[in-house]
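My questions all concern the structure below.
Chain lettering (A, B, C and D) follows the sequence in which the chains are written, and residue indices restart at 1 in each chain.
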Amino acid sequence: MSKVELSVELAGVKLKNPIVVASGTFGFGREYGQFYDLSELGGICAKGLTLHRREGNPPPRIAETPMGILNSVGLQNPGVDAFIAEELPELRKHDLAVIANISGNTPEEYGIMCEKLSAAGVDMIEVNISCPNVKAGGLAYGTKPELAAEVTKVAKEHATVPVMVKLSPNVTDITEIARAVADAGADALSLINTLRGMRIDVNTRRPILKMNTGGLSGPAVLPVAVRMVWEVASAVNLPILGMGGVAKGEDAAQLMLAGASAVAVGTACFADPYAPIKVRDELAEIACVQGHGKVSDLTGGVRPW
Amino acid sequence: MPIEQRCTIVEMTPLNDSTWWMTLEVGKMVEEQGLRAGQFLHVACGEGNLLRRPISVACVLADEPENTAALIFEVKGEGTRWLAGRKVGEQVNVLGPLGNGFSVEERGRYLLVGGGIGVPPLLGYAEAYHKNAVAVLGFRSADRVILAERFRECCKEVYLCTDDGSLGRHGFVDAQVRDILEKEKDFTAILACGPKPMLKSVAKVAAEYGVPCQVSMEERMACGVGACLGCAIQMADGTMKHVCKDGPVFDAREVEWNV
Amino acid sequence: MSKVELSVELAGVKLKNPIVVASGTFGFGREYGQFYDLSELGGICAKGLTLHRREGNPPPRIAETPMGILNSVGLQNPGVDAFIAEELPELRKHDLAVIANISGNTPEEYGIMCEKLSAAGVDMIEVNISCPNVKAGGLAYGTKPELAAEVTKVAKEHATVPVMVKLSPNVTDITEIARAVADAGADALSLINTLRGMRIDVNTRRPILKMNTGGLSGPAVLPVAVRMVWEVASAVNLPILGMGGVAKGEDAAQLMLAGASAVAVGTACFADPYAPIKVRDELAEIACVQGHGKVSDLTGGVRPW
Amino acid sequence: MPIEQRCTIVEMTPLNDSTWWMTLEVGKMVEEQGLRAGQFLHVACGEGNLLRRPISVACVLADEPENTAALIFEVKGEGTRWLAGRKVGEQVNVLGPLGNGFSVEERGRYLLVGGGIGVPPLLGYAEAYHKNAVAVLGFRSADRVILAERFRECCKEVYLCTDDGSLGRHGFVDAQVRDILEKEKDFTAILACGPKPMLKSVAKVAAEYGVPCQVSMEERMACGVGACLGCAIQMADGTMKHVCKDGPVFDAREVEWNV
């Protein structure tokens, strides 16, 4: 289509285009890989891994809200070893950056996973300190600067590939956490994870989710994501993978203008498996119409009043 | 392999005051992907609703009308209300074929057990085993009954039950199933679809009489294709399976019923 | 329509029905009073007042987002004296509870306004410690427990009518603020105020709002509001005015089940001036179908898993 | 007093590749509320868009067709795209009448100055002052021109300008306005509608020649009725006024142009 240069760099990792798929919304790529070649994507943040296999939370795990969804999947995954043995080789058949997403119960667990994944040759590790669906650890790491810094430090010590830390939006001041994580040596930041929310079935009087609350994602959260990416980009000097509610090229352009180097598409895939491809093409079109040679020219280009 | 497709609506008929029969031209899904009853389509339900809605395929016609599938749905909330407002000639965007459908043998003898809006996915099986299957269909009351005539046309026997006794047998389907199995257990399997408490009781009766039982389960879905892990159900062995990818049909013995 | 008892009590103030209109979305009632008699409402939270007249923020002040809006009105208002002289008498011609909403630059300003408004005979005072659109004070009070407590204490000392404190959702732990405010003597809590967000015009590369960021409201925030009302109701023993994204009776029922005694409708009015009336009738219908004698039976009725 | 009304679309005609003429049956708004050109309707634009869109009334017909109003709008984003997709016979939900419209005298002589999609709200005034008003209409280029014939039919004189010179005078409308005022200043007032930079230049020229000037302003709106204080514009005296309630038409001298 357009002649815009699509490739971008995220903490030294080259992405052939700035569209990545968000962790937990795209599995390990097998399912949506039935619809198109995964090489169309810039990268994949794989489903969140833990050291050991987890079955996740009891159902129901999904509730719809106005232009959003709540989920309480709770990190169901086969464990980091199974990922390395069974999923990574499959992903490597395609030409896209593979970003492993990890959650630990202790800083040590993060360290072990970083070692294993670095050795296995993923392109990047996304350290999830912000998943609101796990009782142990999880959210607490993402809301306390010292803990966030500690996890980051351990991850950096054990990883030989770039470490990206994923921030929670459920905080008073996201720049405080961003700064702590940056000071601890993170190579990149990704944001936002889900906002905590709840939906109640008024007939049964039960929360729809068995965990009572869950994480809100989808278009509803886009304005919060844009604000936080802008704040974080203004506060720290690290590349950002922006996400939260992206469903159109314009949404991705907003996040890039706010300061993101690349953009992840998550919930939008559920309505439309082709969403990441469409977002990529529309984004290229926007850059093209605006006369940019490269999409990366958008990054940080917002002109605040 | 699932595909995304805009399908033209070729029939839209109310079956009762809140249930619709919608026939869709599904084209390649039948020819190339082998769409069949008991699988489901993930249907986009208008701009106001972010998620697609899973609706089972009641039956598939390879011809007359060519390559069509019937979806039968009840209006529950906003998505199905939107769907009920569609007209013949309009298009709906669907993902499919999704899920497995019931696993059947060519010469099998099946006992079909459906409850309420769980009845439609059995229709294709009733038709496939012409005059060979036995059906037990349960509804809340006489005015909720759907598809009874069609099942009568193609089943060996049809037993109707209503919760309030306003038509057929008074009570739940599992009592009827028990009576049938009491007389003869010689079924290849029970194929059941309906609300979870019903499936649980039917599974229990089936186990008592040693008859294999397949159940079609529901869970809230996001992706519909196995990517989000949203539609988990608990298995008896402590693991999770996913309705959209591993189901919606499961062996009743594998399911953890006590949650 | 139904024979459900609609009246509820909020910190001793009797509302003839649980539907209040949210501060800043309904002016002082004059405009929507052209569409129906304000006596249809349980109450009105009047447009946020400051000690002195304010012209508010420069335009643009409104941006649309998926199922939400951002605003940066910034407390444009005629000042507390003008409200008492010109608006309160008009509102008093109707049969509804009048709740004055106040914002101050200092605790003292809150005190002075509480005195004046108590003397003027409003039914209740809603202390806004959470408006994200004002530079001085505003948000800071709502995000720091000690400051929130201080403002509450001063307000209580100067008010002779019940004091309701309005909480910000832009915090890591809303129960912490709620507890501080409860301990400081608040008679009720209202939540949620707007979530901070941003939208960028990708063609001009300018934020749409002249203030760059603004407050997100509307259906998009409903799941966050339900979660926070539930958390706060579980944490403190104060009546709650719930709000955030209510557009249907079911939404109001969710907030009540989560713990709200009454519910405010805000942004929904912009699309449909009759929204508060419709929400009221649909809520009554829900209570009726569920066989309740009174809508107030819904309050706190959620049965968490 | 504004009312909420579902209005049937009785005409839907494209004026160029992105601009539509939509005639609505507005019933009581004309009879009882005295709807007139220059006021606006706040139009609900489908489930996907939370806010209504303000669209000016181009002209009102009390008869033939009875009690209708013409809205002329350009497709800009999602709301107007939705609106452009409506068909004759469908209904749209509108709030109105809203705002003030231009303030005019029965025997006045008006210079109408419109730019782009700011041209339509002047149409009603051109028609009301049959063969008495002078119009200056500016467009980006020849293919963007709308309503030129209709203005020619009812105005004394019509001057067309295009930014690129592809039709009429090359350049902006304020140059043309200057030339006209240079020859004769005897206008009751200038009535202007268009983008803010255009209004600013026209206001400047008007002030130079001492001709009263009314300008129709735009600002992003939520409620449309004066309740949310969203649509503020800055006045020269430092106060804020609101486009929906105090406007959209303001005396050009009152507006703060340097923001």
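Heads up, the rule we're going with is that contacts are C-beta pairs under 8 Å (C-beta built on N, C-alpha and C of every residue); 3 or more make two chains touch, one makes a residue touch a chain.
Small disclaimer: the values here were computed from a predicted structure and weren't measured.
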Given chain A and chain C, the chains that contact each of them: none
Chain separated most widely from chain A, comparing mean CA positions: D
Chain centre separation (chain A, chain D; CA means) in Å: 46
Separation of mean Cα positions, chain B and chain A [Å, integer]: 36
Inter-centroid spacing, chain C versus chain B (mean Cα positions, whole Å): 46
Multi-chain contact residues (two or more partners), chain B: none
Junction residues of chain C - those touching two or more other chains: 63, 67-68, 218-219
Chain contact topology (line, ring, star, complete or other): ring
Chain-to-chain touches, reported pairwise for every pair that qualifies: A-B, A-C, B-D, C-D
Chain A partner contacts - residues on chain C that touch it in the complex: 63, 65-68, 70, 143, 170-173, 195-200, 202-207, 210-213, 216, 218-224, 226-227, 230, 245, 247, 250, 253-254, 257-258, 286, 290, 301-305
Of all residues in chain A, those that touch chain B in their complex: 24-27, 30-32, 34-35, 47, 55-56, 58-64, 67-69, 71, 73, 76, 208, 218-219, 267, 269-274
Footprint of chain C on chain D - complex, ascending: 1-4, 44, 49-52, 95, 219-234, 238-240, 245, 259
Chain D residues within the chain B interface of the complex: 46-48
